[in-house]
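Following are the structures in question.
In the two complexes below, subunit A is the common chain; its partner is subunit B in one and subunit C in the other.
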Partner chain A sequence: MEADKTLKRTVAASQQTVRAHLRIVRQPAVWFLLPSVLILCVFVFYPMGKTIYNSFFAANVRGEAVKFVGWANYRTLFKDPLFLKSLSETFVFVLVFAVLTLLIGIVLARLATLKLRRMKVFRTAFAGTMGTSAAAAAILWLFLFNPSVGMVHLMLKAIGLPNVNLLVTPLGAQIVVILTSVWMALGFAFLILLSAFQNVAPEYYEVAAIAGWSDWQQTLKITVPMISPTLFFLFVIEVIDGFKMFAQIDLITGGGPDNATNFLAYKIYLDAFVFHHVGIASAESVILTVLIIFVTWIQFHYTERKVYYA
Partner chain B sequence: MSIRLTNVSKGFEHTQVLSDISVTIAPGEFFVMVGPSGSGKSTLLRIIAGLTSVTAGQIYFDEREVTALPPKERNLSMVFQNYALLPFMNVAQNVRFGLDNQQLSANEKNKRVDWALDLVHLSGLRDRKPKALSGGQQQRVSLARALAAKTPLVLMDEPLSNLDAQLRAEMRAEIIRLHREIGMTLIYVTHDQVEAMTMGDRILVLDAEQIQQLGTPLELYNHPANEFVAKFIGTPEMNIVPITVNEHNQFSLGTEFAAQQAVPVPFALPAGHYHLGIRPEQLVPLAAAGTAALPATVADVQQLGNDTLIFSDCNGQQLVSRIPQQFEVAVGSRLQLAVPPQKGAWHLFDAQTGAAIKEGVADGGR
Partner chain C sequence: MNRLKNGLQYLLLTGVAVLLLFPLLLGFWASLLPTKEIAAGRFLATNLSWHNYEQALLTTPLIRYLANSLVTAGLITFGQLLLCTLAADAFVFSDLHYKKQLFAVFLVTMMLPFEAQIIPNFQTIKAFGWLDHYAGLTVPFFTSAFGVFMLRQAFLQLPADLVRFGQYLGLSQLQFLWKIVVPYSRSMLVTFGLYTFLTQWNQYLWPLITTFSDDYRPVQVGLKQLQSEDTFANWGMLMATAMIVLVPTLVLLICGQKFFKHNLNAGGTKG
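Let's turn to the complex of A and B:
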C-alpha cells in the first residue's frame, strides 16, 4: 500500500513536470523570442565563448585550438611593442575621432537649424553619409588622396603648394583615416543632434533673447544642458564605433605605413586571417572587448552625473 | 509705459496675418488681446516683444520708436503658455535667469529673486526643480521670472491655457492682484473670452487680420460692433437670426416676411432685412401665450444647477435661452419666447456686412 502511494505520487509529480514543460512551449513568447535568440547564439554568444576559449590555446594553421597555454597569449601580447603601439595609437584615434565627430556634428546641426531657404537640401546632404557604405566611401577618399590624379593634390597644385602624398607618412595616413572615419560617422551624429536641437522648445531661446542673453550664451546655458543626454549617448556610441573601425583602414591604408594605422580591430584581423595566429588574435579580441566595456563603464560612471535627463 | 502701434501689418510667405493695426495702450493698463486661434493675436504680441518683425508700420514705447530694436533693448519681460522653465535649474535659478544679464549687483539680484518669489508665494520652494512642481506653481515661477526683471511692460501669451479650470480661476485672480500691486503695463493674450472679460481694463478683439472692436468688457458685451464680437463675447453665444420687418413695424424670423408669425417690434424700425441678436438671458419663456412672443419647440435642455439652458427651434432657427434658476421643461414641448420689450436688448446688424446698426442711423430699410 505504502509503495503504491509513493509510486502514484511519483507519477503525479512527473506528469506535473511534463505539463510545466508543455506550458513553456505553449507560451507564445517563446516562439517570438526564438529567432533572435537563435541568431544571437550562432553569431554572438557562441563566437564569444569560442574566442575566450581560443585565447587560452595555441592554434594550428587551420585555426584549431591544439594546446592549452594558459595566459601565455596575453603575456606575449603585453610584451609585444607592436601590440602596445597599436593600443596607444587606437586610444588616440578613438579620442580624436569621437571628439571631432561630435564637434563637427554640433556645428552642422546648429547650421541646419537656421531658418534659411532650401535648408532641406543641406540637411539631406549633411545626413547623406548614413546611406553610404563604408567601402564605397573609403574608395572615394582613396581617389581623392591619389598622389597623381586625386582632387586633393590637384587642389594643392592649383594654389602652388608642393604635392605631398599623405598616405605614405604615418601621421598623414592617420589624418586621412581620421578624416574618412569622421566623415562617415557625421551623418548619424548630425541626424541625432539635429533632432535634439529641434526638441528644445523655442520659448527657452525667446525668454533668453528678451533677458538679453547672446547667441553664444544661449547655446552654452540652454542648448548644451538640454541636449546633454544626446551628447552623452553619441559620445559613447562614437567611442565604441572608433574602437571597431575596420573598413576604411583595410581599404585605404591596410594598417600602414609602418603600422601607423594598425588599430586594434584591424590588427586582430591581420593576426587571425593573414598571419594565422588565432590564439593571439583571440586574446586581442578579448582585450578589445574588455577595453570597450571598461571605457563605456567609465563614461557612464563619471560623465552621466553631469547629464540632465528630462 | 505707453505703447502705440501705428498701421502695423504682418504677412508671412503666403498668408497675411495682421493688416493695418493701430492701437494705443495706456501706462499701467491691463490690456487684453482676444480672438480665435489664427486671429493673429499672438503674432501681435510677439511683434510688440520684438520676437517677430513687422512687414509695415511702427511701434512706439513712450514715444520712442522701437520697431527695429531687438527684444533685449525693449525693456520688457514675457510669460509663455508652456512656462519655458529650464528643467535643469531650480526655482530660484530660473527666476534669476531673467535678470542675470542686467547691470545689477549680486546682492540686488538676490533681493529681486526673493522679492519676486515672495510675490507669487513660492519662497518655500526655491530649491525645487520645475518637475517637482504642479502646473500652477510652474506658471507662478515663470511669473516671478518676468516680475523680477522689474520691467515697465510685461507680456503674457496665453499663460493659463495649460492649467485646469480650477487653477485657471485661481491664477486669474493672482495675475489681477500682481498687476494691481506692481502697476506695470500688462498686455495679455488669450483665446478665452471669460479671461478677457474678467481681467482686462480694455479688450482688443482680433479676427481675420483686423481689429474687430476695442473697448471695456461691458462696452463689448452691451454694444458689440459686429456679429463676430457679439458671438465671441458671452456664453452661451448670442442668438443671431435673420429677421424681416414690414411697413407696419412688425417682424418675423427668416428672410421672407411671414404674416402669420408676425410680432410687433417694440420700437420704430424701418422696414427691411436685418440680423437680430438677442442674448440668451434676454430671451426667456413667457408663462402664457402673449402677443410679443415667438412660438418655439424645445430641442434640448441643459441643467447647470444655477442656470437652465433651453435650446429651442423657432421656424427652423436655433435659439438658446438662459434662465437664471432651475426650470423644468420637457424636450419636445412648446414654448413662447418673449421678445424683449427694451430696445437695449435688441442688437441689430446689417444683413450683408454684419456690422452693428447704430441708433439713429438705422438705414436697413430698402
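Let's turn to the complex of A and C:
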C-alpha cells in the first residue's frame, strides 16, 4: 500500500524522461533480446540474404539453387518485355494510388474540420474503411463491378450506357484495383491528416480571414504547406504500401487481363509459387527491396530540410 | 443565409460519407437479400432475412476459418507483446555493449519487404515441418522491429524519478519491467496489441502460400476459397461472409478508438 502511494507521488512529481546515465545495469538484457534477435535472424536476415544469393543462381523446380549464373537472371529480366511492362505499370499504379489517396484524404480532412456540430459522426464515417481487410474489401468491390449483378453495371444500364465489363479490359481492371486500394487506404490517411489539420495554429486562419481569403484558398495556401511534413510522411507510407499491394490483385484480377495488373509484388508470387522460377523471382524480390529501400532513404534524406516543420 | 450554408454543408458531408461507405452499405444490404433477388438485379426487394448468415455459418467451413484466424492472430499478438516488450526494455534500461548498433540493425529490418523474403521463408517452414500448421503461421511473426521501436519510444517516456525509485527498491530487471514499466506504458501496450491483432487478422499472402487445408486456413484466405468454389454465384452468402469477417476489426477499432487516436497523433507528427 505504502509503496503504491509513494509510486503515484513520484509519477506525479516528475515527468522528466530517462537520461542515459540512469539505466539499471543488469545482465538479463541479453536474454531479453535473444528471442527477438533469433527470430529476426531466421525469418528476416537469413531469407533476405538467401534471396539475394538465389538471385545469382539458376534453381531447379524444388527451388534449390543449383548453378551460379552471375547477373544472368537480372539481364533476362531487363530484356523481358513482360517484366518491363510490369515494372512500368507498377510505377504508374503506385503513383496514382498514393496521389489519389492523399488528395481525397485532404478533401476529407478539410470537410471534417468544418465548424459544425456533430462532426464526430462524420469523422467516424470517414475513417470507416480503416481496418477493412484487403480480402473483404476486394470481395465488396468485386460485387460492385460484377458484370451481371454489380451495382455499377446496373446503373450504367439504367442510364442507357452500354454494359461494359470493366474487369476484362486492362485499363478497367487497373481502375478497379486502384479504386479498391485507395478506398482501403483512405481511413488511415484521413485520420493522420485530420490530426495534422487540427494542429495548425488558428491564428493563421484568422489573419487569412481578415485578408479576405476564401476557405479553399486558406486550405491550399496555409494548411497544405503547414502540414507538408505529414503529407510527405504519408506519401512515402502509401508508396511503400503500393509496392506491396497483393490481396486485392489476387482476388479481383489475378494479375490480368493481359498482365495489366501483374504488379511487381504479385509477379514475384506468380513466378515463385505458380511458375517455380525461383532464380527469376528472387531477382525480382531484390529489385523490389532496392526500390523500397530507395524510397525510405529519400524520406530520411529529405525530411529534415525540404519540408517546413511547424 | 447562414442556416442555408450550414444545411448545404451537412448535405455535402452526408453525401460524401454515404459515397465513401457505399461498398460497405451495399454489401450489408445484399447480405440480407435472397440470392435470387440479387441475381435478378432486384436490389430494392423487401424480403430481408438473416438466412445468408445462417447458411454461411452452417454450410461452409467459415466457423473453422474464423477460429483459425482467432488462434493465429491471438498467438502472434501475445508473442509480439511479450518479445517486443522484452527487447524494448533491454534497449532502454540496460547498459548492453553495442546496444545502439543492435537497435540500428533492428530498424533496418523495417525497410526490408516481407514479400521479398517469402521464398526462403517458405522453404524454412517446410524444412521445420510447419507447413499447413499454426506454428508456420505464427512463429515468424513473434517479433517485429516496428513493435520494438514503438515500445522503446513509450518506455523512454518513463519519468526519471520512477526509474530511480525502481533502483532504490532493488528490483530485478524482470520485476522492474513487470511492476513499473508495463503498468506505466499500459496505453501504448494496448494500442500496440490492438494494432497487431488487426494487422494479423487481415494477413493474406503468407497464409495463402503456407496453408492447404480448412483445418488451418485463416478467414481471409477462406474468403478466396469460398469465392472460387461453387458458391461463386451465391452473392448473398458471400456478402454475409464478408460482413462476418469485417465485424471483429470494426469492433476492435471502435473499442480502441481512443487509444488509436492518441497514439496515431504521436506517429503522425513525428514524421
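Everything below uses one rule, namely that the second predicted complex is superposed on the first by the 265 of 310 C-alpha atoms of A that agree within 3 Å, B and C clash if a C-alpha of one lies under 4 Å from a C-alpha of the other, contacts with A are read in each partner's own complex, and residues count from 1 in each chain.
The working rule: contacts are C-beta pairs under 8 Å (C-beta built on N, C-alpha and C of every residue); 3 or more make two chains touch, one makes a residue touch a chain.
Because the structure is a prediction, the values reported are computed rather than measured.
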Subunit B versus subunit C as contact partner of A:A211, first or second or both or neither: first
Subunit B versus subunit C as contact partner of A:F126, first or second or both or neither: second
First, second, both or neither for A:P225, with subunit B first and subunit C second: first
Subunit B versus subunit C as contact partner of A:L108, first or second or both or neither: second
Which of subunit B and subunit C A:N60 touches, first, second, both or neither: neither
Which superposed partner A:E203 touches (first subunit B, second subunit C, both, neither): first
More subunit A residues in contact [subunit B versus subunit C]: C
Subunit A positions touched by subunit B in one structure and by subunit C in the second: none
List of subunit C residues in touch with subunit A within their complex: 6, 9-10, 12-14, 16-17, 20-21, 23-24, 26-27, 30, 38-39, 41, 43, 83-84, 86-87, 89-96, 102, 106, 109, 111-124, 139-140, 142-143, 145, 148, 155-167, 169, 172-174, 176, 180, 184, 198, 201-202, 204-205, 208-209, 220-221, 223-224, 227, 235, 238-239, 241-242, 245-246, 249-250, 252-253, 260-261, 264-265, 267-269, 271
Subunit B-facing residues of subunit A, complex: 201, 203-204, 206-213, 217, 221-222, 225-226, 308, 310
In the complex with subunit A, residue positions of subunit B that touch it: 49-51, 70-72, 74, 76-78, 80, 82, 84, 86-88, 97-102, 145, 149
Contact set on subunit A toward subunit C in their complex: 3, 6-7, 10-11, 13-19, 22-26, 28-30, 32-33, 35-37, 39-40, 42-48, 50-51, 54, 63, 108, 111, 114, 116, 122, 125-126, 128-137, 139-144, 146, 148-149, 151, 154, 183, 186, 191-192, 195-196, 199, 229-230, 232-233, 240, 243-244, 246-247, 250-251, 265, 268-269, 272-273, 278, 281-282, 285-286, 288-289, 292-293, 296, 303
